[in-house]
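The two complexes that follow have chain A in common; it is paired with chain B in the first and with chain C in the second.
Up next, the complex of A and B:
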């Protein structure tokens, strides 16, 4: 290598570095506005909420009290530790069940036995931790978590299933499918406050309300709907109480609203997903004699799993954060059976003016949503088929 | 290097010593030495002619020399053509005629909740408005941060205050409502208007049932209500709900109204504790529970559902705010078959009626003496009898001054129900004005009310005992915030 070559190489290397540096700067400059917005309106409020939660912050900022607002929720850190240990064992059990002892003979069976034992142990420890927390922590907050879980489990799976079924139907060559798409999407874009008020009227406990007239057609007595704190299973004649009783009828009406409101959105997203599945796969399956159900189950469902994953993820996040329609539809008569965590935080903030306590509760809710998202990402993400 | 550093250190130390020596001597510590021997007091010449009189030290007037601010701002929540016009006129008259040259700017700042939320972050800052509308419990919350002006400082002032006659002209309950016992009886507001809980009744239906007057006792109320549940009104709208005697809305003001009517109170103003489980409250709510148990009452099923049912002729009695009078009138006339109806005192076990009154007051956030004085002068004007009559007529609220009755003859003639309610104002009492009351209302009292009427076998005393403990815990949490 002669000196001129070295010089050219050094030169070109320097120019390359300069260009790379310029590219970096350009990239950073382009992302800077978005970054600033996220920092100011996203990260800063979270950080400031954490800061507030460490103070006796009521009408004005009070003394620094460290973890006391959190201890009001959990009772003690030990309670939380036991609860988290239960969750950790769940995760471990899940891992063992699926992945452990694969290399040895009868490893599957062994993995299932040990996995099941760990899962059971995790369940026992989780329930113990929950019980300890319920004993000494904030019962209202813990109840609100149960209500939120009922709401999420009642809403998200139904939204997903109905959305997929509707999308599949609309994907076929039916007359007026464009009109149907618009009709199904309307509830999602209509302001939730106004539609929730309409639901208020439909599900009024008045004996002449639309819902009561409808069930009257089947010979049923009028129900109290939004005003009914009793669990649905009790109303069906089953003598179950506590968690097993399920959501109250009042919460069920809110769940119905949630499904009605979001199913159209899911349908439209599923439709776009269906459009991306190559037609050749269906044709091949048809030639091979696959029935409509076979094609749906073995082609559509797996091929659309990324969309399902996305919708489930945002569905759970959305239900844990849901506020507007629940706030409008809740009644005092339904008592705390419709108070989700977001409503509880709101009440603590705006009615009791206990900002420190409210922000601590909000941070715990945030952590739960984050944890659920990560768990979903891990569990469902592995099962998603990206083609 | 090392020696250089030492040199530098030495120079700094010497400089510090020199500077220290040049500094003024520090005064001795705060402790004041007590002289070992008292100096003999200088001889005081006694007056030759008069007996010595122990004169009270002259109280210095803190407002002497304070010049009211020229510009002040009033945050209110009033909307609607009539109210906006009335406010504009009141402001314009005040600005044109007040001798201090004060100019008030009235700003609509949203509803009560909006104003409350806007106020919290600016308490004790110069950004506060000079006059603000607020419910007593909201103002009590502001005062947790010691952010409100105590009007006691000016109300009796010889120059700026209210005369004894002016003070006594207020309905007693209205005047007392803004004196907050939890803050050592500070006066944190003055009432410009009020509403009252009354019983609405369908007179034509009562006549059909064989009665010629509304009930005055709970026993009469129950008898009539139960009869109505079994005997539909001839003028009821077809297809409407089934007949019922009474519809209860789960609202703490109903809790208060019935408890007051049974001779109780919700709060012990001497000990500053809730008394939700008083004997009167237990009796009142056992009575309400019995109405539900006997099928004579039911819950209101939707917002203002009781007005709808009353208008449809399927509801004999309901209890609600007097501010609903025009809406009840509309509901009755809506179907084209109007019936005779009116309002009366809530049936009571006491000798005289005891009526629940409520309404927001005008308050003055702490700022500067100049701004506070100007704000007070406007509040004084706004609540004066003449202006109050004008405001009450335009707003539809009740006036707060007894003397305005003479100016209301036209209103009374046009609206006999309003006159009936007006005559009850003197029996007004009020709900607790304590911080966190909204939370107690929604999270303690209303769930207890629901439990009482939802399960007619529920133990009323046990439920109210529990509610009382919870309410006092919340109150204690709130009061712990006082700066």
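Up next, the complex of A and C:
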């Protein structure tokens, strides 16, 4: 009490100014060590990457070549423009569908019709742009983007759903809740190199490998797993091939590893999110006679949506960054079906020594991550229910 | 079933029949148990294979007939783990010391001191969490190689510094500590200031002793990040001098190929320190994750 009175009394005096000056100095001094390291190893490299990407840089700096490294990726800027225009139209269509013509009568239907048309147009232009880029641009890079998208779509939704289900169950009065949580979290903290090695062995192409013996129980023939470049759909009997036919079996095993290692993280975060939902809401719903399922669907899911949003964002960024386990689990016979963009960049740099090309690719990857983050913020952020 | 019953009886009496209740619980436990088995199985497989003879790993028994403890000794020697293990321990300790210093100071400044440019700096720090390693990796490699600016000693490739210095600060730890420090009541600081306390003394004598939990969380995250690091060490170590355990294990995987029992013994060795630390502190660990994950 006394203390706060004194500090109020001194507010306008010289002592206060001295303190403010001291605070300024101390604040800067305290942040300085962290600032130095983050500036040098976290922020400076972005600028330097952009700089490097403008040169013919192979181990040592070569001639200035401007946008050549980027042209290698896109084929031409025109291709990129068409692609981006397609995305922009797509976003516009989305907006029209939801927001436009609200004021006039039957506005919704009109908005949906026009929105759908713009969406389709955007989609068509996007696909055209992609096709043009695929013709003249860097196929390895574009393929790696497809692989990354497969990997992201294969892991993130599954991780979210499983994480939420497990957390929701654990949130009931469960005996041994702590033990379950410890177990679920285990794969997340253990070194990915060590656990990926086990997955290597479980999913080896031997007839006696664990995965093959397991599917053998259902009468299936042994598969090549990590070594199989064919799309999963092809193995299921559909007539597809190549990257356009969906993720390869090799990628699927990596996706399984990804899910296995990350679900526990989501579970823990969801669990603490569930704890923040006021109990009264459930009690009210119970009196109103909602079933457990109703309560989950109409209370838990909307109330937990900020957490879901956060985890989706973290998950997508994570898949675009993912490296260690993919690097360990990949095989040469799986060819390019498991090479995500972060692996491709590393290979360009570490194995091919093409620093300029690699940095240009990394910058494009970064731009994509930024774009995705913004889009997710916009699209999902609006739908999230912040209680 | 539950559904219709609940809707029909709008009165408060809504307990479902004990039998369906029992089945409901049983299904929940079943899901949890299946989940637990899936999560734990690879670890079981790792340990069980690490104790098998080579023949047993090929015929894929579930358990070894006689546990071959010698596998661990052999793997340890084959993979040159003594050197790597010491390297990993030293690198982790060094990184943690630096990380603790920078993040406590910065966390305190951001949480408790008013100074110009604070929000701007904090925003920049947070933004770095989104940057993929692919972007920073190559310039950082050139930095460490001494190509961009001259470094003491010429190059830091194959040195202790390359593995520790870049990781001695991160936005995540600063953020975590800031959140906690900012919640400490202002009255404490006012009282301390009357007694002639400056920020440094207040931090050491008052703030740190009551912030053991978040500091512990930073330590644990730092520990796992440093211990599990792979991509960067792979890049900046070309000889055994400072090569850490994960890069050693990866090299061993490339060499040992079909010798599954040794590989698995090696894998077990690398995760034991993490397991020990995790089991000793798992409560703080998961709590720490939860509080940082839910940034209000």
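Everything that follows uses one rule, which is that the second predicted complex is superposed on the first by the 345 of 387 C-alpha atoms of A that agree within 3 Å, B and C clash if a C-alpha of one lies under 4 Å from a C-alpha of the other, contacts with A are read in each partner's own complex, and residues count from 1 in each chain.
By definition in this document, contacts are C-beta pairs under 8 Å (C-beta built on N, C-alpha and C of every residue); 3 or more make two chains touch, one makes a residue touch a chain.
In this text, all values refer to a predicted model and were calculated from it rather than measured experimentally.
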Query raised in the report: Given the touch rule stated above, what does A:350 touch, chain B (first), chain C (second), both, or neither?
Result: both
Requested in this report: Examine A:208 and indicate which partner it touches, taking first as chain B and second as chain C; both and neither are also allowed.
Outcome: both
Requested in this report: State whether A:229 touches chain B only (first), chain C only (second), both chains, or neither.
Outcome: first
Report task. Applying the touch criterion given at the start, work out whether A:127 contacts chain B, chain C, both or neither, answering first, second, both or neither. Result -> neither
Requested in this report: Classify the contacts of A:243 with the two partner chains as first (chain B alone), second (chain C alone), both, or neither.
Outcome: neither
Report task. Scan A:374 for contacts with chain B and chain C and give back first, second, both or neither. Result -> neither
Report summary line: chain A contact check, chain B vs chain C, more residues touched by chain C
Query raised in the report: Thinking of the overlay built on chain A, is A:336 touched by chain B (first), by chain C (second), by both, or by neither?
Result: first
Requested in this report: Figure out whether A:166 sits in contact with chain B (first) or chain C (second), or with both, or with neither.
Outcome: second
Report task. Please work out whether A:358 is in contact with chain B alone, chain C alone, both, or neither, and reply first, second, both or neither. Result -> second
Query - chain B/chain C common contact set on chain A - result: 200-201, 208-209, 350
**Report entry** chain A - residues contacting chain C, complex
**Finding:** 2-4, 6-7, 19-20, 22-24, 26-28, 30-31, 33-38, 40-46, 48-49, 52, 162, 165-166, 169-170, 172, 174, 180-187, 189-195, 197-202, 208-210, 213, 260, 263-265, 268-269, 271-273, 276, 286-287, 289-294, 307, 310-311, 317, 320-321, 323-324, 327-328, 341-342, 345-346, 349-350, 355, 358-359, 361-363, 365-366, 369-370, 373
Report task. Flag every residue of chain A that touches chain B in the complex, lowest number first. Result -> 56, 58-60, 62, 200-201, 204-209, 227, 229, 331-333, 335-336, 347, 350-354
Report summary line: The residues of chain C that touch chain A in their complex are 2-3, 6-7, 9-10, 12, 14, 24, 28-29, 31-32, 35-36, 38-40, 42-43, 45-46, 49, 58-60, 101-103, 105-106, 108-110, 113-118, 121, 124-125, 128, 130-143, 148, 165-166, 168-171, 174, 186-187, 190-191, 193-194, 198-200, 224, 227-228, 230-231, 235, 246, 249-250, 253, 260, 263-264, 267-268, 270-271, 274-275, 278-279, 282, 285-286, 289-291, 293-295
Query - Touching residues (chain side chain B, partner chain A) in the complex - result: 113, 117, 120, 123-124, 141-142, 144-145, 239-242, 250, 299, 301-303, 305, 435-436, 438-439, 442-443, 446-447, 449-451, 454, 474, 477-478, 481, 483
